[in-house]
């Protein structure tokens, strides 16, 4: 059995990790970290876990934790994981970081968009960007995984094949994303109260959202050159789900068949990416609770643009599910172990 | 492998059964029945099933079906299962009926409340009321299971120990129930449109809801004598979940400790009934997607009443999950096989 | 023009008062009190008010306020209004208190249920309980109005005629109430976050909710003797609306016609109480945004009980609308002035 | 008093028109047309109207109707209004058509996108596109108004000043729109059931939505030349509201100040368009129930694009409110009469 510890187990992503790992036959959670609920029963924080998890929440005693587990998941605010990582720790355990600390290779970009100083930039080069469908081989040998963001995973997977194959003008990409509210976290803020979110939709972080440089970096690798794009997130009155609607100018002569071929090339053997049949738009309801990303596109012959669409569950493929997928790869397990989840509807 | 057929696989309960059976290691679904979608790909009706279910929907050829499967689930409108059952069929397959056809022992009561003539009253005596926590032993040998209703399961489990132990005046029971909208089915009706249900709560079927005599019959067995009660269902703007708030007069001298002891007596070894800690009220969010029923109570010393509360997921413990639990019992499997589902939150 | 000041103008009820008074031809709001947002533009707190309200929020300088206005609305936490009232103030302005401070005549009951010491019990006898349909004449001459609670208004109006006419056993009343989330206020609490409330229903304050003694007192006056009852509130995932489902034993020989006659007797000339046609259940969607309370009932001949149902908008008839109705009565205006609001659907 | 008739009064837009006209001091509705509910009480279809509207629904006897009223609103499916209009009718009454029949000047474009033959193309030239902020003077003298679509109103108002002033490349416009579900109408369809819409977001009509050519035509007038654009609508789990997020390339040298000046130029005296303060994004919650369109923008210096955002209530400014605004202009009333509605929150 792989022994796992979770730092930040009482946020929404941390709790989803608990749910998923409880359905994983090769993993045992031995450490429920939570600074906010130290010594409190985990099920007092999330009552769905009553009679399932009997543990109490613990503080982050990293040394003790590193001795006790094989893998640490950090589902914590920005900066925390960077402050924990050390050569000594990485020699003992694998770290899968669900925060942004190691996602961006250029530390100045990180520090500018996140507004904090990076505590351990020396580990950035080693960290592997844990988007399994793209970096599978690198993940297998990694000690430190930068688990991608929720918007990011959806955006990159949706656009990647067309960028990689050079079918679209990479400088023309516009990503309009919509997210359920669990992405905003469990912090007590007026803006996230039921009555403020319900019956409302809004854009936020327009031109400044922190997932922007992460998407740009990864799609830049695919394009073979740096690129800039627009990314606009929106908050939707639902619990889970991200929908990405992305626009780009088609390169001269590119046909619908070329685009479908590109998606097939990269995803037809991928278990967790479903390229939908022509004419079917991705919808968040069809992926809820699962590790799938549903993708499709539509060509507009009038404007010579392609509209790319992707949907996933922000807490699964956008966070905890992807973290488990990374763990499976690192430990040589079946990549889908614990993730064979039929989407729950309605 | 147990071969299963589902008649009515394209309603919400039928689809939930598909989800659950796909996670069941001993079952294979070989027949997706649906009169409305004959010859259509199942995933065209429920796109969460894309790349998971490749079958097409079939009409109800009962003879063919009875040869092909070990168990038939009927998730159909009232009257259909009653019209299918015969000695010949029951000699070949087990039937688990999610409709009300065989739930009520007195056929005149059935015909009065449902307003239809029962097509095969001769099988009513044989049918076992499939509330596993109460009728476990009878279920094991059954050929025909009357799978309980969603409101009914929640109401009975919530009140059963106190009635059985004679702690409350059984004639004083009032059940005020609240349900998510999936309980109303997938039929296209104006009353179930998003804009009609959202931002609304209403009572319906007041004094006349069909689950009333079913609850009365089962609690009557517990009481040892017939009883009448009030049952008032309400429609709540959420997808899943039933919450029951039930009121009854305490018998003279009954204490909180007596009540807790009664709940413990019947449920402390039950995997799918969680009696909560004192002071914690059941909430539907904590059972969503799982087979749990959460139960608790509060004594009011001012009025000498007890308020009993129960919560479950109407599509799982209230329908498909309970059907699987019944199937497990019939076929001698671990009762929880395929039902080890951590509630999904949020 | 009547000059109005609002203390606590930045809660949900306070803001609704602003909305309603802006549609009132005889009132001008000259004071937007808010301890939390002093010196902030009101529209920065509620952006629906942009270009409608240009004022900034002010602290509670009571002396200054009493000079500036004719009427003060206090939409504040318990205890605040009691600490402000004095003979001097009441000689200058009318006070309509939306909190519970003056609702309960027996100060020991108030102090027990609310857990705070009452700062000015000497004004309790003078305060008029502002349920206009019942205390209309007393309200007209009042200096100090105790504006009823939201659950309370709905519960009392629903049960009042039957209690008053002696048609039901007043000791058998059970009130099961359901409320939208705006009733929980705008405070930043985890329990009221979107993801916690959405897709959930729960009971809370079971046997201990503070509106209980208020309902008991008022219905006790109607009954002519003290009574105790059960009141169970539930939180529903919607913004606005309260639905009350109340149960009581019918007295011997009481008929459906008797009950309808009782409702007609008290409400047929009431503009803001709509007794629905037989068979039609009240629903919150039909009263949203308006000052109506919709009421109906169903007799259960099997159990000899009556199920009484009422629906209102908790922020209008349950708070701000009723406050305006009280103000209209006090100042001799048309009782419906500013309240001729067609319910907004959907 | 202006006498009004509504054909199609039992759809969501028709019902909203009833709500608004009931608050209009100069209008009396004398004809509630509804083919689906002939001879049924209007309040049996919309129970918010109980004790407010006593009329019964009538069939469309156009001759009789034209004698009885001064203005006819047609809130009907495409094609119906076109089949009713005639010189004789227009000599008697004003027609404000909430359908698309007269919105598009080029009948071949209409027939292609709507897939139906236009029954009275001879009246297209006369019809005035009723976007009051842009065509105010033409509206005043009109006999036949083509009331704009909901997505269209929001899209055009949001982009108009920048197109008109030539600040953006009109060929680069991409409009990503999100709508509440009332825009989908009250027809009984599985896709619009609560459980299908709730907890879901999806794009639909991608590259083919019928509002596309309407937006292109109107913005083309502003640009002074034809233009093509991408318009992608999405369905959001909320009752009301449209949010438009639009993207365009800035022309060389255009500054944020230029853009703000353009918005001010066209909207600073407009009562129903609120250009928000810098940094504040429009949100649908702040306009609900009102006739406002809230607009703002953000310049992205990295990509040299502008993100334009607009929000309105699809049933008010996007349908019934705008229809009333048009009526007010035609009949020489205060343009805001009956529309002084403070947005209702929450």
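Per-chain numbering from 1; labels A, B, C and D assigned in written order.
Assume contacts are C-beta pairs under 8 Å (C-beta built on N, C-alpha and C of every residue); 3 or more make two chains touch, one makes a residue touch a chain.
The UniProt protein names, listed by chain, are A, B, C, D = N-acetyl-gamma-glutamyl-phosphate reductase.
Keep in mind the model is a prediction, meaning the values are calculated, not measured.
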| item | value |
| --- | --- |
| A-C, B-C or B-D - pair sharing over half of the A-D contact pairs | B-C |
| Farthest chain relative to subunit A (centres taken as mean CA coordinates) | C |
| Distance between chain centroids, defined by C-alpha means - subunit A, subunit C (Å) | 46 |
| For subunit B paired with subunit C, centre-to-centre distance based on mean C-alpha positions, whole Å | 38 |
| Between subunit B and subunit A, distance of the C-alpha-averaged centres to the nearest whole Å | 37 |
| Subunit D residues counted as touching two or more neighbouring chains | 12, 182, 195-196, 198-199, 237-240, 283, 285, 288, 346 |
| Residues of subunit D that touch subunit B when the two form their complex | 12, 181-182, 186, 188-190, 192-199, 237-239 |
| Subunit A - residues contacting subunit B, complex | 12, 15, 18-19, 22-23, 46-52, 182, 199, 239-240, 274, 276, 280, 283, 285-290, 294, 340, 342-346 |
| Residues on subunit C engaged by subunit B in the complex (per definition of touch) | 174, 176, 178, 180, 195-196, 198-204, 206-207, 228-230, 232, 234, 236-241, 243, 245, 247, 281-285, 288, 298-300, 302-303, 305, 307, 309, 346 |
